[in-house]
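Below is one structure, written out as structure tokens; the observations come after it.
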Amino acid sequence: MTPLLQVENIAKFYGARVGCKDVSFDLFPGEVMGIVGESGSGKSTLLNCLAGHLTPDAGAVRFDTKTDGLRDTVTMREPERRMLGRTDWAFVHQHARDGLRMNVSAGGNVGERLMAVGARHYGQIRDTATDWLGRVEIAADRIDDRPTAFSGGMQQRLQIARNLVTGPRLVFMDEPTGGLDVSVQARLLDLLRGLVREMGLSAIIVTHDLAVVRLLADRLMVMKDGHVVETGLTDQVLDDPQHAYTQLLVSSVLQV
Amino acid sequence: MIQVENLSKSFTLHNQGGTVIPVMEGAAFDVARGECVGLIGASGAGKSTLMRMLYGNYLAASGHIRIGGVDVATAQPREILALRRETLGYVSQFLRVVPRVSTLDVVAEPLLRTGHDRATAEARARELLARLNIPERLWGLSPTTFSGGEQQRVNIARGFSYDYPALLLDEPTASLDVTNREVVLSLIEEAKARGAAIVGIFHDEAARDRVCDRVIDAAAFTPKADT
Amino acid sequence: MSDYNFAYLDEQTKRMIRRAILKGLAIPGYQVPFASREMPMPYGWGTGGVQVSAAVLTPDDTFKVIDQGADDTTNAVSIRRFFEKTAGVAVTEATAEASVIQTRHRIPEEVLRADQILVYQVPIPEPLRFLEPSEVETRKMHSLEEYGLMHVKLYEDISQHGAIATSYAYPVKVEGRYVMDPSPIPKFDNPKLEMAAIQLFGAGREQRIYAVPPYAKVVSLDFEDFPFEASKADHACDLCGAEDSYLDELIVDDAGGRLFMCSDTDYCSTRRKAGHVGAQGVPLGEDAA
């Protein structure tokens, strides 16, 4: 089986400081990988390098493109990479306002990616947008409201709809539940989990919340100081952590 | 079906002065198709640890665990996930489910994941829930709010909905009344009859004697105190 | 003649602007940055158009200025006088006689010829600005032809108004490549953007020049199920009776009386001179107030 994403020795430096270094892994179709670590561990830097938002200083990020097989997205021309960014890839930001156009209606937000890849039939765009709002549990009559009129959880669900509408194969998520109330979080996770399974999505989820990865991720990568200290099956890493840092991380979670 | 070879395990507590606790050494046994093997031994002998290692939940320090052609001790995460999806079922003592998912969906899920259509999966789920005496009015609710015994029965229904070729059972009859205990034991007998290889922990000796073809004493794999 | 250099700007500056114009013509619809100069009039009064006009005018040219179609508004008159004074060129109000026409927000009704240049005054040259505030990002979007956002604007129009409500500065795609803001002309004028004359666009404050060469293909953006429509008031000119011209609506009394008249004053008076009379019109010469 060809991996969907093949990451080889990615490194990113901020001057003398290490953003992330020596990161390698393969992600296979349908796999969901969690990246955990504390703030400053390099997990967001890594995610941004993988998604093409940052240019890594070393290494390769090969993506299994529909037409040409594995291609290094680091050395790929920018138009191609940006095209991937609005077709095969999706990026869910922690803050909905980074991932939404706040002055555009919910329908327009969802429709943008469709129009970006050439959809030119208003009725069809609107039907697809309505369908997707339903799938993320937003009432159809909110389609012409702007996200500024939405709650935090709704904004995040809208962001997900906007990203998934073009049927991407790989979703990058940066703390998708951060800053939400616990009850809202649960609903969002439930939704994400269903969509990931239903659409057979591969996903890379960066979070510091171990409960989130236990629920969503098949496998786990633990980062500290820019390095990967442990990887493995999610429940194995959480239930039988091998590295000192992972043990500390797992044992620090408060029990409820 | 299940072959365990020279398996060992220790825990290193990095945050407690790097204490190394050896818990298992030289474990070796086979379980054939249609056979049920009971793990016995005193509390702390490593029965649960062994079960978790078989399931890939605990990492083996050395040795091999071959189940359906996959060496769980060295396999990639996705290989273990595929094994858990298609070959190896596990009924743990505690039900761990996603909030908001209905009981019927929880039980049907192993079938849906293996490509069965929804109608088939739900029919099987209904049959098992009815057999395990879960009132039908609860089927649409999430089992997170159920009593301990109900949760345990949902867990069992889930473990038996798909016909796994290999099954791990951790105290499947604990906290069950006589009627339901009987249902579980017959489910185990049916699984054996269709050829499933089963490893179980049963504190309930009568149950163990009834379904297990032989027993393995986990104490035999416990490292000697002086090491 | 005055003590100004011909057409006010120094020769180096005019050369710099001409280079930008040529580049603009070579890449239809592409916004060429240029070093916009301070002009003796405020931004918003057509400083971009004036600099472009200054760069293309020759002593033999005949110059015309319209403001929303009219030759006689303050803005049109002052720009016309400006070049009369600084370039000594002939000026006219007759579209057919002009070789360079500077315009604010209209295209003349009369079909322009290959030997004419139309210079537009542009307030905001970036059609994507409405939705994307970053210039870095919009330039990238142009260079990579990422124009989905332009349709988002039209989508928003339809979802809010039931139709594409954008009625002026309606975005177009030039020669199948660059999406361009045609300046705030009414969308009625959009079909006329495909013409024989050279069209130059100058944005003084934003420091951009762009161009549409003769006969370039100019397509107004739309949806399959909401096609572009050039619209005008459903009325004939009350003064000259023209049914094909863009109209201004005037409220003429306190009782709600109204009058529609051609926004192109030269077009209207030419027709009236030829004897056409509208519903509320009187033959030319009798209405001099």
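Should a chain be cited, it is by its letter among A, B and C, assigned in written order, with residues numbered from 1 in that chain.
We adopt the following convention: a contact is a pair of C-beta atoms (placed from the backbone, for glycine too) under 8 Å apart; a residue touches a chain by one contact, two chains touch by 3 or more.
Remember, it's a predicted structure, so these values are computed and weren't measured experimentally.
Colleague: Could you name the chain whose Cα mean is nearest to the mean of all protein Cα atoms here?
Modeller: A
Colleague: Measuring between Cα centroids, what's the chain most distant from chain C?
Modeller: Result for the farthest chain: B.
Colleague: Between chain B and chain C, what's the gap in Å when you average each chain's C-alpha atoms?
Modeller: 77
Colleague: Express in whole angstrom the distance between the two chain centres, defined as the mean CA positions of chain A and chain C.
Modeller: Whole-Å distance between the two chain centres: 46.
Colleague: Please tell me the distance, in whole Å, between the geometric centres of chain A and chain B computed from their C-alpha atoms.
Modeller: Using C-alpha averages as centres, the distance is 32 Å.
Colleague: Going by the contact rule set out above, which residues of chain B touch chain A in the complex?
Modeller: The contact residues of chain B facing chain A are 11-15, 52, 56-59, 77-78, 80-81, 98-101.
Colleague: Given the complex with chain C, which residues does chain A contribute to the contact?
Modeller: 78-79, 82, 86, 101, 103-105, 107-108, 111-117, 120-123, 125-126, 143-144
Colleague: In the complex of these two chains, what residues of chain C are touching chain A?
Modeller: Residue list for chain C touching chain A: 131, 144-146, 148-149, 151-152, 155-156, 158-160, 222-226.
Colleague: Which stretch or stretches of chain A touch chain B in the complex?
Modeller: Residues 28, 31, 186-187, 189-190, 193, 215, 218-219, 232-236, 239-240, 242-244, 247-248, 251 of chain A touch chain B in their complex.
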